[in-house]
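Letters are used for the chains, namely A, B, C, D and E, taken in the order the chains are written, and counting of residues starts over at 1 for each.
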Amino acid sequence: MMLPRGQAARMARVGVEQTVTESPAPSEVRAAVTCIDYAPEQILEQQSVERDLERFLSEHRPAWSKVRWINVEGVYDHATVAALAKKYELHPLAVEDVLHIPQRPKVDQYAGEEGQPPRLFVILRMPRLIDGHLQTEQLSIFLGRRTVLTFQEGMPGDPWEPIRQRLHLKDARVRHNDASFLLYTLVDAIVDECFPILDHYGDRLEQLEVEILTNFHRDSMFQVHEIRRELLLLQRQLRPMREVIHSLTREIHPCLSDETRLYLRDVYDHVIQCVEFLETYHELSMNLADMVNSNIANRVNDVMKVLTIIATIFIPISFLASVFGMNFENLPGEHWPPAFAVFCAFCAAMAGGMLLYFKSKDWL
Amino acid sequence: MMLPRGQAARMARVGVEQTVTESPAPSEVRAAVTCIDYAPEQILEQQSVERDLERFLSEHRPAWSKVRWINVEGVYDHATVAALAKKYELHPLAVEDVLHIPQRPKVDQYAGEEGQPPRLFVILRMPRLIDGHLQTEQLSIFLGRRTVLTFQEGMPGDPWEPIRQRLHLKDARVRHNDASFLLYTLVDAIVDECFPILDHYGDRLEQLEVEILTNFHRDSMFQVHEIRRELLLLQRQLRPMREVIHSLTREIHPCLSDETRLYLRDVYDHVIQCVEFLETYHELSMNLADMVNSNIANRVNDVMKVLTIIATIFIPISFLASVFGMNFENLPGEHWPPAFAVFCAFCAAMAGGMLLYFKSKDWL
Amino acid sequence: MMLPRGQAARMARVGVEQTVTESPAPSEVRAAVTCIDYAPEQILEQQSVERDLERFLSEHRPAWSKVRWINVEGVYDHATVAALAKKYELHPLAVEDVLHIPQRPKVDQYAGEEGQPPRLFVILRMPRLIDGHLQTEQLSIFLGRRTVLTFQEGMPGDPWEPIRQRLHLKDARVRHNDASFLLYTLVDAIVDECFPILDHYGDRLEQLEVEILTNFHRDSMFQVHEIRRELLLLQRQLRPMREVIHSLTREIHPCLSDETRLYLRDVYDHVIQCVEFLETYHELSMNLADMVNSNIANRVNDVMKVLTIIATIFIPISFLASVFGMNFENLPGEHWPPAFAVFCAFCAAMAGGMLLYFKSKDWL
Amino acid sequence: MMLPRGQAARMARVGVEQTVTESPAPSEVRAAVTCIDYAPEQILEQQSVERDLERFLSEHRPAWSKVRWINVEGVYDHATVAALAKKYELHPLAVEDVLHIPQRPKVDQYAGEEGQPPRLFVILRMPRLIDGHLQTEQLSIFLGRRTVLTFQEGMPGDPWEPIRQRLHLKDARVRHNDASFLLYTLVDAIVDECFPILDHYGDRLEQLEVEILTNFHRDSMFQVHEIRRELLLLQRQLRPMREVIHSLTREIHPCLSDETRLYLRDVYDHVIQCVEFLETYHELSMNLADMVNSNIANRVNDVMKVLTIIATIFIPISFLASVFGMNFENLPGEHWPPAFAVFCAFCAAMAGGMLLYFKSKDWL
Amino acid sequence: MMLPRGQAARMARVGVEQTVTESPAPSEVRAAVTCIDYAPEQILEQQSVERDLERFLSEHRPAWSKVRWINVEGVYDHATVAALAKKYELHPLAVEDVLHIPQRPKVDQYAGEEGQPPRLFVILRMPRLIDGHLQTEQLSIFLGRRTVLTFQEGMPGDPWEPIRQRLHLKDARVRHNDASFLLYTLVDAIVDECFPILDHYGDRLEQLEVEILTNFHRDSMFQVHEIRRELLLLQRQLRPMREVIHSLTREIHPCLSDETRLYLRDVYDHVIQCVEFLETYHELSMNLADMVNSNIANRVNDVMKVLTIIATIFIPISFLASVFGMNFENLPGEHWPPAFAVFCAFCAAMAGGMLLYFKSKDWL
């Protein structure tokens, strides 16, 4: 398989006029919306609020709530996304990026609700291994001063489940920090998902190396090629992630606390490590390709040697036998009784000599 | 096919003295000039104004017109271009760039009419697939405060037709914005044209990969080479486009509104994505070349093995047959009735042994 | 051919002490010196002023002259160069660079005559195709406020002849501008000389590609190598040219008018285009090398297949013939009249079977 | 061997909540803690203070002590690390980096004890050769104004032993300087450990080159591959080290004295030299791979030549012998007594001619 | 040969504590120390002052002396170096760099004698060709306001001898300038030494190219490899030299006059030219490697073709001969007198047909 087909074409159809606020496409799939309000002392989780979204959006958040996190799983439900976008006055360009997949990881800021600082808008792509194949899920995060809105593309499996559980612990550090620390926690979870995938490729490379070293397989090159292609895809995801996280650590933004930036520097170290692993794997896969080529050439050499040894031993003595098969009269030894034995001995000696010669040339 | 021949030479002939304002070459081809005036409430489209260009240029624009967009299709009609250049006081260097194709995508600014801010001048090249072959059309845009002048090289097909239609919709966002937003809309349309072309190459690479994996074709390398060459050409167009759009998003210019710059950032994301796709395709095409080479080497190996197996089985037993064809008297077994059967059995055993040996070496 | 031998060594001998002002080497070759004075209304061209250089240098220039352009063709005439250098107080380091060929293209500025702003000093190298071989001519330009001094290495053919003719036209833009505009005109002429050379290499690559695709030539690789080497040389000239022209467009210098810088930006676009062409050609030549290698490997494969087919068909039936040539008594069929026909039929069947087998393996 | 497996996965499990200060894991292994207090006149070394860590931490340092260096060998003893972290108020993120191995070399600064300047935190990785295999040990250094805390991962062998001995010398320069000079001494010792390792690889490359030049080994490519992989790993360690030391030489930090920065510039020169050695080795290993490939191709060529020579000499004369073995009546020479001798002479002449022909083609 | 072995290890042993000022190693070899004092009007050269160094160092320099140049040849004489270092208060780190070879070229500045501006400290490495092998000599230069101290590693041959001779000329420009101009003269002499070496490699590459084009040598690849390795070493020396000279041209330092910086710019142009030559040579050597590989493949192809032609002609007719050698009764033509002639004619026709076929396939 190649890059997912039609991706590029799908993007092309996304013009300015068709953004959600103007023509929200009705959709069969419903998104799952979860809302968590928390403060150091208290936490409230509302699940499946999409069932009565209007009521939910019209209600005020609890007064004690320090941070509200609304998570939408399944961005193909355009109506739900549009309703949230309207309520929180999300910028149409940002909404377009949320809805139209795939987007390149990026960090941007758009004016938000009035009287509030502009909202940070972050797009990340999380690599996933589904049936051993590399896929990526798009995650979009809006960070306000006290509100975090997240949109998941909606693949099976949820990288943020552990975070939700940890939020319920009274001592969890994230409970005692502001909204931007939640952003850090979310980004950290996404980057941590990359390590098992890197291990997967590390293992496959190691296995392939052992195979190449011990046996000759004529399709080793195809396997190298397959790994290389998937590493390429992974690299295309991780490189812009690195940039995004780097600019988050440097962004001076009213919603980003100093402490969050400190912790994001740690995530940045991890994502750099990922990219460096990938580069090492890339180099290793190139070495493997060299070894495969060398293997094939050695193989040709081996086959040639067998042929040459056989031919070189038998062609001369075959000639000799032919000579004594000629129908000349008075062939030497024709009537000499030990002629045959002498001939055989001579042939054996010649073959032996040849073998010694090959031995000396290190061919055997 | 190679790069279009004579391009370089044609450029060389373009000296300073031969610019249009001094010696406009009379031309057979007429350009098609369209003028659209619009404001949020009203729109007026005049087609084929080239039929009475003088009258058109001498008339004042309607008082209600917020933005005037004059589009010229077919820059080889030097007279028309020169007339417009004179009316709008376009800089001779910019006019030269409009007329002399191909130019490298770039953004520049030239002093315009008196009392007006300098005009932004943008050259873009739009890739087109014509009969499966990559061609590029040059598009030049002059942006004033309330006027947009565009020049199309004049290939069949018009990327801006949908924009014209959208302008007639009362609610279209572009109607409610200034001239620079029209610039954004035009640039966006050009970048969107790249995605189907990328898909075309993605499909060709995928198809070629399947072919290489399943069958051996001795000209696979030539196909890889062809794709590589066209990707190279595409890259030469897209890389400077990326720079141009990047500098548009950063340019502080009186004609460029903040909102336009925000939207251009979005186009910039798209063009980066295009370039990254191209790089991935380039890498994949290199991998394909490696696979083709590996394929050929495997093929040589296969052919060699067949030869070696046949030769190794038959050469020794042929020798034996020759031996018993010698005209010695008293050849062993000459008069022994089962001699022939024994010989045949021996040969069969030897051939079988050889086959087992090859099996053990994994050659069969 | 390789890089011109001894170049490096020749340069090494150029020490500080041996500059022209200290020990001008008497030379057989005379330089040809031309002096043009011009203003919008008037122009005066004096040719061969080297015949009475002293008188010429002692005379004042005409009062009406806005710009004086002195061109020296043939820098090996050290005496003439030294005389001019003395008159115009050229810096010894600059003079050294003029005289000692080859220099790397560069732009520098040296204090000039007293009370004048420092002079711009530009070295450029113009690629020339002489008998299909790439050579470069060194051109040095001193730009003062009202004076331009140019030194040509002195190869046959003069890129600046058209400029001289244009200067005599009353309407020529260069006549109405200052000295720095003449600099622009000279640099523009040099860059324009590059395009036919690029076309030459484009054509050669195209031709070579057709040859490689249609026929097998064992020395294709050498031709690829030759083009590659010349492209390399061209690149070594054009890359520093790009830097030089780039820094000219940025240099804030009293002698460089704003308009000239605007026009130089245009030349800069051209030189970038040249460099990009070169890079594309370089990539294409690498692709050609890959194709040649693939070609050779395919060729080996073809030869091997013919050998294998012949051997595989005949070796087994030859064995059979040998068997029936053995001198055993009671050979089966020895006395059976149709034996020979049966044998022949069997051989034909076997050969046919083999051919079918090869067909099925796609070898025929 | 590949990259150490599971590294990436292990890192992934490191979340924010599990840092040491919250849940120190009880561990079987005890760390070895050494404390050295020194001043120009006096020095006191306390070993194995981990036996009564609590008492040690509650005691005040001697009043005369200018610099206190606490070294912890074996970071897997989380309890000890946690106790020190609590006492010296180390930042939880830094402690996490100390405990979770491997980290990328980096320099960071964290707020330390109140009223003190922020502490510099440096992570370095020291390459070690253990049984000829490349491993790396993580070393973490906290630099305060008068205190240096170091944590060693705990591999056998201690690069800092010579420093400890030198500290006991009254004249040692490090005794007469501040804490940051101790940091320099430690970093210098780590960088110096790289040189014998580089020599190890230089020797292996040299040896491999000699082998490739003198003998043909079919697994030379695997050896090249192995060296290349280890050089890759080493490069991954040294590149970030270079960055770290570079930023140390530039960091304006209250704990870093000017003199230390001067000395660190020297270390920086060494680490650059290391990286350049590595790059040269990398290039050399690529050359070796080319030579191996060329070797294999030459080998195939040799084998082919032997086969071709033998076949070309004997196939024609074998044919001749077969011809005279035909059972036609009236075979020419059948009854001519010298026929056999003539035949033999003819064959010898033909073989000789062939040999001369091969000689002329330079095949022998 | 590889990189000089043990270099890295030797460096590793250089710690801070073992610098010369603390423990000068007594040495067998004596350095040769020359002192030149000069001013425009006067010059005094004292050779072999190492014989009574103490007296020399205690004497004051002549009052008329504008510049004092002390040159030490042979840095292995630690005592002499230490004495000078003490007298001129050279910084221990700088002295360490002078003594411990090899150092990377660099420019640094260290506080010098009191009341004086800091001294510039420059390390350069001069490439030398000794018996056709590339070696480098380390040259260290200390530049004060009126004093230049230089240390040569002490290989045979002295690049600065011509400078010394020139100093004795009354008109020499260096006599009329300050100490920094002497620095320029020394650096210029070192860079000029590179050009003959580049010519040496240019010649070797050219020669090798001719050899590869005209003859096949199986060890061409080794020669390419050897050149490549030496070019690599040269590059490692010249790249940091370029940086050093570049930073000298930019350094604002009280000891560096403006005029010297102007002249150093010229040296900088030369060193850039050297590096560009090297890069071109590197590219050319890669092309040569491609040609060698192509050569070997062509060679295999040739050998294969000869084998295939011989085999394809003779195998079928050998089979025919065998057929007529079978011991069947009633072999067709057995008793037909012209049978043999017909057989021979048939064989000749078949061989001729084959040859025509090969001709048509362009194999002959």
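The rule is simple: a residue touches a chain if its C-beta (ideal position, glycine included) is under 8 Å from a C-beta of that chain, and two chains touch if they have at least 3 such contacts.
Just so you know, these numbers come straight off a predicted model, no measurement behind them.
Graph distance from chain B to chain D, where chains that touch are one step apart, equals 2. By the document's definition of touch, chain A and chain B have no common neighbour. Measuring from the averaged C-alpha position of chain A to that of chain C gives a distance of 44 Å. Chain centres here are Cα means. That of chain A falls 27 Å from that of chain D.
Across the assembly, chain B contributes 293, 297, 300, 304, 307, 311, 315, 318, 322, 325-327, 331 as residues in contact with two or more other chains. Taken chain by chain, the contacts form a single closed ring in which each chain touches exactly two others. All the chains close into one ring, and from chain B toward chain C their sequence is B, C, E, D, A.
The part of chain B that touches chain C in the complex is made up of residues 1-3, 5-9, 11-17, 22, 93, 96-97, 103-104, 106, 108, 110, 215-216, 218, 221-222, 225, 228-229, 232-233, 236, 289, 292-293, 296-297, 299-300, 303-304, 306-307, 310-311, 314-315, 317-318, 321-322, 324-327, 331, 333-337, 339-340, 343-344.
Contact residues on chain C toward chain B in their complex (touch as defined above): 162, 166, 169, 171-174, 185, 188, 192-196, 198-199, 202-203, 205-206, 209, 213, 262-263, 265-266, 269-270, 272-274, 276-277, 280, 283-284, 287, 290-291, 293-294, 297-298, 300-301, 304-305, 307-308, 311-312, 315-316, 318-319, 322-323, 325-332, 362-363.
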